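A, B, C and D label the chains in the order they appear, each numbered from 1.
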Amino acid sequence: MQFDLDDDRELLRSSTRDLLEAEAPLAQTRSLMEDAADGYSKAFFGQLAELGYFGLLLSEEEGGAAMGAVGLAAVLTEMGRVALPGPFLESVMAAELLRRAEGEAAAGLLRRLLGGEALVVWADREGLAGAEPGPTETRLESGRIRGQKTFVPFGAQADALLVTTTGGVALVARPDAGWASTALPTLDHAQRFVRIELDGPAELLTLSDAALDEVRRLGSLGAAATLLGLMDRSLEITLAYMAEREAFGAPLASFQALQHRAADMLMKTETTRSAVFRAAWASDEGEPDAAFLVAVAKAWAGDAARRVCGEAIQMHGGVGYTWEYDPHVYLKRVKTLESFHGSTRAQIEAALERAPIAAE
Amino acid sequence: MQFDLDDDRELLRSSTRDLLEAEAPLAQTRSLMEDAADGYSKAFFGQLAELGYFGLLLSEEEGGAAMGAVGLAAVLTEMGRVALPGPFLESVMAAELLRRAEGEAAAGLLRRLLGGEALVVWADREGLAGAEPGPTETRLESGRIRGQKTFVPFGAQADALLVTTTGGVALVARPDAGWASTALPTLDHAQRFVRIELDGPAELLTLSDAALDEVRRLGSLGAAATLLGLMDRSLEITLAYMAEREAFGAPLASFQALQHRAADMLMKTETTRSAVFRAAWASDEGEPDAAFLVAVAKAWAGDAARRVCGEAIQMHGGVGYTWEYDPHVYLKRVKTLESFHGSTRAQIEAALERAPIAAE
Amino acid sequence: MDLRFTDEQLQFQADVRAWITSNLDRPWSEHVADARHTPDSLVEVRRQWQKKLHEAGFLGMGWPEEWGGRGATEVEQALFEAEIHRADCPQVPNFLGIGLLGPALIHHGTEDQRRRFIPPMLSCDEIWCQGFSEPSSGSDLASLRTRAEPDGEDFRITGQKVWTTFGPWANWIFVLARTDLEDRYGGISFFLVPIDQAGVEMRPIRQITGESEFGEVFFDGALARREHLVGKPGEGWRIAMTVLGYERGAATLSNPAQYDGYLHDLIAGVRAQGDLERADVREKLGRLIVENEVMRSNGLRTLANLAAGQAPGPESSIEKILWSEFAQRQSDAALELLGPQAQLAPTSRDARGGVDWAYEYLWSRAGTIYSGSSEIQRNIIAKRVLGMPTR
Amino acid sequence: MDLRFTDEQLQFQADVRAWITSNLDRPWSEHVADARHTPDSLVEVRRQWQKKLHEAGFLGMGWPEEWGGRGATEVEQALFEAEIHRADCPQVPNFLGIGLLGPALIHHGTEDQRRRFIPPMLSCDEIWCQGFSEPSSGSDLASLRTRAEPDGEDFRITGQKVWTTFGPWANWIFVLARTDLEDRYGGISFFLVPIDQAGVEMRPIRQITGESEFGEVFFDGALARREHLVGKPGEGWRIAMTVLGYERGAATLSNPAQYDGYLHDLIAGVRAQGDLERADVREKLGRLIVENEVMRSNGLRTLANLAAGQAPGPESSIEKILWSEFAQRQSDAALELLGPQAQLAPTSRDARGGVDWAYEYLWSRAGTIYSGSSEIQRNIIAKRVLGMPTR
């Protein structure tokens, strides 16, 4: 048995950390949050494409790196540590959908996605009100798609959309088809969600419901891994601040009440690491309880990250409430990831439904 | 405005404390829990009757002390502080039912109850499984009552039962009618609950559903006040222990992590005091939100007391886990009171239903 | 026990409510959702609202009549604040001036100081900010380092203050500064300092909400005139601590009143999306309702004790923790139950309207930090209420 | 990463499971619910169960073959413990002897000590209890005061120990006692002491569950023979701390396995009473399932690190807090969801059967106190894992 990453994935992880520190540190995340029209760096995403990051999950025959869910989780944890903005997980999910679809349209788009030439995202959700997505009402009839999708990540920037319709997933691509998008600005300024009105040509892809569920589950796992990275780094900066900052003539780190809460932050972070990587490993191995373990990991990570990143602000005191210090960047991303890729409440329900011990 | 008790009720409270310290201290509670067949001291309850405690709520014309719900709450808080075992609240509730019923049977029984000659309890609940009571199925037909009641407090010791049936509340009294009872021993050894099989003569009382609800609400308020007393005293003994016990060369009370948790215990206790006495006052004044405030008080008191009395054990460390030390006596009573007189979950639901702001 | 308001008090409450109905053109949340507003124009809304309140005689109600007061009792102040919070009124810019500096001047200032400063403070012709906290003395306020050195009759102030609410719009700042470097408490003095002078630099601090309602202030030999010293040199700490304890009655009912409105909005939203019959949702809503009502009960107890002329009991020392931690749980629950739409900026076309829960979520992070963090509050409870020893 | 058990390990697991099926006549909970049992007869059930386990070679599996071992790996030990817990087997009386004293003798004892003590410990012909804690040294174990004074070649022990699990049935006790009153850590020695002698008095301590499984021991010049000193004088603290760290792999999977059974019982109960479709109930059950599974993931990580020959990481230092605090939440939820029937004593005619939740509720209060309270565990995490300073 071995919990640590194997050499290939450890190299992937450490080189990802180096890459992010050099090219996309948190300082850049912060300036992108505020200034960039797109909310992320297309140049850096081009670099990611060149380095093969969008094909992490593809087999070597498909031109991928075959790093599996464990490799993806390692990469997303690192990306969470710098709160990397942009549609990375979304691109990986789109690649996974396209790879499962037949036909040249999908294959061609996949090639462009992998090469960084096209941004493709999945417009899966409908409905605005409420914690859970509404029912799918978008229809594809006679080659024309009509409907409204909500909270489409980076949908304004996308070159093509994969759209869940009542009849399956349809491909909608520019320049043949455009779409009207309206910004849906959530707490996390770096997430550029939009509402999209669809009324134009589209093509149905051959994708089974099982395939969609697999890719949704990958999204849940990816979100959980990102949450892990967010809390991992939040804990680090909090510990550093507590070691340095003094009150009543002693470092914050020496106050027992704060020590015990820091211990709780560590517990939340490390248990999340255990849960996320076990779920990733089980997914790669096709273990029968993989879906259960992913639900467990996402449910746990959402609650844990909210607590840890909330405590990070509190432990920083007044400066934790300023834009200048970093803790808020993490908490805001957490609030987004808690809601999407299966809300915490929905994942708890999924865990109960899938738990072996809950079977009648 | 005045939050403190008025002179009459303050005298009632302080004389109750004196009486309990002299005649029914916690040491006696403990020996009754273990040794007494009835689980309580009939002699002390005789003393309570003599002093007029069962008539606290009755008007002076009815031979009562007219101390109202505020007076009752003050008395029950004191009784909670010594975890007094026995059917005190039950007797007050029975008196309130009988006083609302017409006819000589009820009046005669009320006189005997007030005089300490008869123990009367309300057998309201049916069903064993589940957090909430089951539907009432006990029937009174042609003067004969048939059915099964559960968790009847001190039902084996009672001289008469007030039994909720499908047709209203019936009076079942020894010696004309007996009943078979089976012990239902809960966590709290001092609570003598029984299951009762009824098959014998009974008499219907004239009691409206509203009257039953009023008396049930009185039970909820009384339980909340008792919970307040339990946590009030648990906090006191914990603070005393923390002041005296040393670890690593310093009193426990000087450790910041424990100080913060003691502060939380204080917050739970004092907010419960605020909630209970406001609800009692509103009940006495016939305020329109009295039912809402009672639900709030019982819901809050149950959660708060469980936390405070649980922390009391933890703060005591190893000795907190021994029978010899007192914290467990309080926690066990809390667990009973949490479940009965409207479970915490049921009271939360009632609070939502009755909240003025939740109206459509 | 008697928690009933008198007929006069209820009449006063009705009068306030009626006055608000006639005078509040637009609830604050609608202003915030109006994309045409700028930060400055929002402050102007607040300033105009303060002027209206002042003209109606609702500011400094407990002060002597000479200074705008009307001999209002603690109960009336509490009822007034509750109505203001219930109705979603704008916050007045000079809330700290009126809450802290006003009492300081009335009890410890000179007649000249009162005449000069109180009228424009009430009318909002001058905006005041507070200079207590410093970058390296957050929770440990008495460790402040800003110095006031004699310069002839006057003083020159050097140092840095942070968290000056409304600082970017303020004309004056009341400052705690050291006139004695050695004496921890007895070396602190209380000054009134004009901001528009060389030697004072005000920089806005951007908050996690994106706003810049706070500022940090750099003093570099800023002039504080001798006649603008409140009390004697070295009395600053005592004055500050005294006024921090004033008017605690006023806030006893305001938080539950405000949260009533929030919870009403939350329940309406949950109902509208068809989730109000879900048992898990009902439990969460019910718990929030229970907790808010318990806070109101606790506030009524504090108020009743104050009204009865008694020293506030343990219930009053826990209020800050109660409301600030509740506010976090409440907005957390709202974001969960209402879903991502509740995160949308209120100026967004698809925003759900009503309470801006995303803003409340972020703003609630400040509540457990400012005015004595939850950690400091628990230290205080442990030491002052429970009498626990320091190690 | 590789969290898969090998085919051999899975075979071992299957063998253990089959062996339990053939050998466990009755689950422990049924014994407990049987009113004919006395405390003594329940201990006898445990003793017989230990004998069976010993005969099958399941005790001391990781020890050298000479002492009953079979070179079992950490993984096999963990799988064994998980199966034992899953199947609701009785706990063996000598679990502390085997867990702590056995390794101490093997690593620090003499050949004679091993020969004399290990076989009857494994066969349960002698029951051992542990004498570490003292009334005034709970969390601060090194402050222990029990003295061992030289008496010729031997020692005389005077002092008091508490929380000696199975003490009322024990024949021997392993004791930490001071041979040097000054040296806090280096003055502690490790003795093996027979209980049946003048100078040793064992009194049962009644627990909040009503049982008396613990004892307190009074030593008044009790004889400890020189040949029953483990290691050298002054090595006791080091030996105790070393063996406390052994076999941490064995427990990595046992708690989640046990709680699987508990949660299965809880869900079945909720289903039977018709509440399984209530959304509030589902959320509570789902949260427990999630948390227990996270604990298993964390245990697997610890186990994998141990199996890979690595030092346990931060995940291992948090396990005690995780399971002990989970156990409290779990039994609290069960008492809430199942209602008062779940409080009934298992011997009651109307008891619901299955897990005795009232007992678990009370017993779970001990879990956060013994073997290093949650407070001590958090101190340790803060200091050793996070490197935070002492004030």
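Just so we're on the same page, a contact is a pair of C-beta atoms (placed from the backbone, for glycine too) under 8 Å apart; a residue touches a chain by one contact, two chains touch by 3 or more.
No experiment lies behind these values; they were computed from the predicted model shown.
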Legend entry - Chain at maximum distance from chain C, centres defined as averaged CA atoms: D
Inset, instruction - For the pairs B-C and A-C, output the one whose chains share more C-beta pairs in contact. - result: B-C
Inset, instruction - Determine the centre-to-centre distance between chain A and chain C, using the mean Cα coordinates as centres, and give it in whole Å. - result: 39
Legend entry - Approximate Å spacing (C-alpha centroids) for the pair chain A, chain B: 52
Inset, instruction - Identify all positions of chain C at which a residue touches two or more other chains, and write them in rising order. - result: 280, 282-283, 375, 378, 391
Inset, instruction - Enumerate the residues of chain A that touch no fewer than two other chains. - result: 255-257, 259-260, 345
Inset, instruction - Would you pull the chain A residues touching chain D in the complex into a rising list? - result: 1-6, 9, 70, 239, 242-243, 250-251, 253-256, 259-260, 262-264, 266-267, 270-275, 277-282, 285, 292-293, 295-297, 299-300, 345, 347-349, 351-352, 355, 357-358, 360
Inset, instruction - Under the touch definition given earlier, write down the residues of chain A that touch chain B in their complex. - result: 255-257, 259-260
Inset, instruction - Please give the residue numbers of chain C that touch chain A in the complex, ascending. - result: 133, 136, 138-140, 143, 162-163, 205-208, 210, 269, 272-275, 280, 328, 332, 335-341, 343-345, 348-350, 352, 358, 361-362, 365-366, 368-370, 373-375, 378
Inset, instruction - Mind listing the chain D positions that touch chain C in their complex? - result: 278-283, 391
Legend entry - Sites on chain A touched by chain C in the complex: 128-132, 151, 182-187, 193, 195, 246-249, 255, 257-258, 306, 310, 313-314, 317-318, 320-324, 328, 331-332, 335-336, 338-340, 343-345
